[in-house]
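Once you scroll down, you'll see the structures, which are given as structure tokens.
There are two complexes below, and they share chain A, which is joined by chain B in the first and by chain C in the second.
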Partner chain A sequence: MSNVPVDYRSQLLSGLWIPNILKFSDMLGPRTGNKHYKVLSLASTDNEHLEVRNLVQNGLVFKKKDIHLWTYTHLKALRLVDSGCRVMAPSRYENTLTQNPQSVEAEFPFQIINLDFVSQDMSLESGRAEREIESIEATFRLQSENAQKPHCGFSIAYTTLLDSLPINCYDLIQRLNSHHRDGWSGILTKDFPPDALPSAVKTETIQRLLTVMAVKYGYHVLGFEGLLVGDVYSIVVGAK
Partner chain B sequence: MSPGKTKSVDLEKTRKTLNKNLNSTVKNFKSDLDSMMESIQSISHWSNVLQDTNSLGLVNEIFMDSYMSIDFSSMALYKYADTALRSALENSLNWIYFSNHPVEFGWWKTGDEWFLPMGSHPWGRGYEYFKLLIGDTRVAPIFDKPQQGRKTVSVAGVYSELSKSSHSNSLKMQTAGGELSPTYDAGRFKEFRDRIRDVLSLVNAIMILVFQDEFGKMNKLDKKGVTSVLLPEHEAILKSMRRL
Partner chain C sequence: MSAEQSAKPIETGEIEVQVSRDIVSHLSFGIYKNFARAIRELISNSYDARATEIRIGLDLESNPPRVVVRDNGVGMDKNDMENRLFRLGNVTPFTDNLDDLGRKRIGQFGIGFLSTFPYCERVVVTSKKEKEDTIIEVSAETSAFFQGETFNVTDYKAPFSKYNSDLPIEKGETIVTLESIKPHIVKQLQRTRSQRSKASIESFDGYEKFKWTIAQFAPISFPPDRTDLREYFEVKGRTPLRVWLDGEELFRNVPADAEILQKGEQSFDNIDVKYVIMTPNKPVQPEEARGLQIRVCDVGIGLPTDFDVIKLRSRNLGRLYYLCGEVQILKGIVPVKIDRDSLSWTESVEKMEIFFRDQLTKLNEVLEKEAITDKAVRSEIEKLQDPEPLLEELESLQLIRYPKSRLRMKKTAKHTKQRVQPEPAKTLESVFKNRGFEVIADDDVASADTLAIEVRANEKQVIIRENHPSFKEYVTVLNESFEVNYEDWKATPSLDSACKIQGTKVTFNPNHPVFQLNLDVEVLKKLIVGVIITVDKNPRRSELCDQFYRLLMDMF
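Let's turn to the complex of A and B:
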């Protein structure tokens, strides 16, 4: 049985997300009153948009219309209508980004991306984490292909549940390599364990894959920081 | 006419009546309403695996048709609830049809009259198109009007019932019973509750039959959300065809 603390989001907000997003934002350049950060956040209506309030309080976002909330069901999307934020396609992020990224392409790029898959109802079964990571690959691709000039940087937080199932690195890397990019030789499967388990190996695998993806799409990794709360693992990566 | 007695005031007054009806429905049928709201989420589950279909945009319309039908019924607007529900059923069938007909979908999106000659419909007489698409005669009870003595919930049967409201059959009129303002009626709400259950079971059963690969790719939670709305008789047909 996985351990998901009720207050994991507030722990991650204060202990990881806000401090690191602030740090990477400073590294990306000075923030002025005119600078709008555009935010994408997977949102569950049950958590009262904690991250939205915190981002506003910390001066990372000035206008709620710059915050794009993504939820996975129509009912939840309807409940978010009066949030003042832009509510995006009601479907699972990982499904849309891997199968139909063109449907949301126009919304990219974002300067802060918070992909908390734990906040959505997760189906704990084989292939879940692999689909999430593949959707992050698509996220980097959309960020890069739609980047304004000069190539802008961003912070991305990925939050997942470390359950008892391994990450099938062999299949995952094959899928990631199937997304061609000129000059990119691909990820070598031999550099990763075929099945990532236990948790320490999983977190290291996630860290390495995220940094490799950033490099694949021409980003320089400013740094990364991870935190484990119960069985919930979150990592924030700064990319420029 | 005195300044206070404008038409907008009348609308506000009607709104009070509708809210009163809503309270009565919630008081007497809360678990039914919860269950109806839960079951319309089955539409959302399909949008997760049908991301690459041309006609994906229709899923929002189907959801809103279904949602508004519940909303209308809860306020005792039973005729309009049926009309919205019929739209949900039609749009679901359109979604399936257009997923295999991108050119026709393009015409439809621009408002073109793309239908076949007068009197015919691309779905075919008796929903022939869907039966051919599924390619199994065992599916007939899901589409055909039930024969006497049999009571299978079918598209033809439900569509015909919902159309009575759209075409103002005397028994389905909003003002049936002589009341001008919408009046809460437990019996009519129960009829609607059963009809939306039938429609969602039909839609999801047909979706499973047509999009079997995509259904196979659904995660466990979404799959459970879809199969939980199936009526036992539809479930039995799908099982006999080894689609569940």
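Let's turn to the complex of A and C:
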């Protein structure tokens, strides 16, 4: 049984997300009143919008309409309308980005992306983590392809559950490599364990894959930091 | 639509819309004058459904634009939709009985829901009843409910779908979605004003006007910093309602810095009311907030009213627009008109109106007198050296209520009889005492280094040093400055006996008839001194003083 502390989000917000997003945003350049930060965040099912409040309080967002909340059912989308944020509700994030990314392409790029999959009514079946990571690869791709010149940077936070199932790195890397990019030679499967299972191995695998994906799409990694809260692992990467 | 978005319903069908033509036939879509008031009706419905939280979202940039009102009330199942929501014009008699949240029912006429129809093309109601595990969603095309400008419903069956619920079984929820908001409403709500004035809600941005109107009518709490109003109007055992608009919690509109002038409870036959009358010590803004807001079941009925006091009393009530407040009907059956913008006439309602007309008239007089007193105080203090810090201090302590701009101090009030011998210390003493401060008069000789007026806020004391140089009066004539004193002596019909000049001192006789003239006192003093200086060395001095006296008496 996985250990998901009830207050994991507030711990992650104060201990990881906000400090790192602030750090990376300072590195990306000075923010002025008319420089809007566009945010994408997976809306948690409890509708508490904790991250929205924190982003506003920390001056990272000037208008709530700059925040896009992602959900995946019509009813959940209705419940988000009164948040004051923009609502996107095609289907589950990992499914849309891997199967139908063109349906949301026009919304990209964002300056802050919060992909907290733990808040999303997770189904703990085989292949879950792999789909999440593949959707992050698609995220980097959409960010890069829709970035305005000069190439703008962003912070991305990925939060997942370290459950008892291993990450099938072999299959995952095959799928990641199937998204071709000129000049990119691909990820070598021999550089990764075939199945990443112990938490320490999983977290290291996630860190390496995320940084490799950033480089694949022409980003320079400004830095990254991870935090484990119970069985919930979160990493924030800054990319420019 | 993806597979997840269109989750398969577990049941579909149609709900018959039933209309009580007696009520609905009297309606036109103009009866609800604006969109905010239609949303008020949805809030009232949620309140009656025992909601404690209502969240309103304006999603005007989506295509199509929509408004969503979501509550955590008891919710509805198919039966409730058929027999309550879609039985339009189904009158529920008003009752004084309380529900388990300590509230009285607001809705009566069964048309609140209908009031939203003119503003959108479709209304979708999604609801989960508490203790049930299914959600029902019903949609209605609003064009089926009115033709031209009148409501005219024939047979209509609204399609419904049922789904498995994603909420805990004990929770209830109702979401009303107004889809495809009419373009003119979207335009109104998105309107921005280049010059943002607060004088009237018509000068607000469209969104701010909408927010102000909802906050004015909804049965919500006073702002958190108005614990005085919250505690005064608190009803023990009543669960409050909270309303959010686009994530921001709304509170009742109260002008900033409004102080309570009067509060109380009254009975008018069978009607019991609790009221408060306030003033921010300046014109209430926006102007729509002037007067007293009547509330029935805590919901605002119409906009604040002055009970037609000016029209009916035929008087000029210059400070009426400084007054605002609330009249809450606590008990009693009060007839509310169908548009919920006014009360119907009864003898009890008329008695209530007369009472509040009287209160507004009396408080207008109180404010007028305070303004006159403030003027006098400011006049005296402005004669001191460096009066500004003292004025600021007195304003912060509410010893002066009105800013100078509200007192029309630049023009001389010709109708007011001026005192020849000003007594600033006495004027200030009485005002400060009336406003709750102890006044300590200090007769000792005071130098210019000391303060003429010293305020000790913590001890609520004011020290007035009557012999301070700042209180001394001077008159300057022909570039010469004279210290002014006053003394009574026998008056004769000559300027000679109105004034004596010795060196740099001038002594006036305040009881001399010349000071009864209809002429500004300060000007008169200078004139008298000027004349006496001019004729002083003249051999016909006495005769000239007599002649000037007669001239002044003839002219003024």
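We take it that the second predicted complex is superposed on the first by the 237 of 240 C-alpha atoms of A that agree within 3 Å, B and C clash if a C-alpha of one lies under 4 Å from a C-alpha of the other, contacts with A are read in each partner's own complex, and residues count from 1 in each chain.
Throughout what follows, a contact is a pair of C-beta atoms (placed from the backbone, for glycine too) under 8 Å apart; a residue touches a chain by one contact, two chains touch by 3 or more.
Since the model is a prediction, treat every value here as computed from it, not as a measurement.
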Fit or clash - chain C, chain B, common chain A: clash
First (chain B), second (chain C), both or neither touched by A:His49: second
Partner chain(s) touched by A:His220 [first = chain B, second = chain C, both, neither]: neither
Partner chain in contact with A:Lys63 - chain B first, chain C second, else both or neither: neither
Which of chain B and chain C A:Gly84 touches, first, second, both or neither: second
Which superposed partner A:Leu75 touches (first chain B, second chain C, both, neither): both
Of chain B and chain C, the chain that contacts the larger number of chain A residues: C
Touching partner for A:Ser123 - first (chain B), second (chain C), both, neither: first
Superposed model, chain C segment overlapping chain B, candidates 62-70, 80-88 or 98-106: 80-88
Common interface positions of chain A, toward chain B and toward chain C: 72-75, 78, 90-92, 95-96
Residues of chain B that touch chain A when the two form their complex: 37, 40-41, 43-44, 47-49, 51-52, 56, 60, 63-64, 67, 219-222
Footprint of chain A on chain C - complex, ascending: 2-7, 55-57, 59, 61-62, 66, 68, 70, 126, 135, 163, 166, 175, 177, 244-248
Contact footprint of chain C on chain A as seen in their complex: 49, 52, 64-65, 72-76, 78-87, 89-92, 95-96
Partner chain B, residues of chain A touching it in the complex: 72-75, 78, 90-92, 95-96, 99-100, 103, 121-123, 125, 128
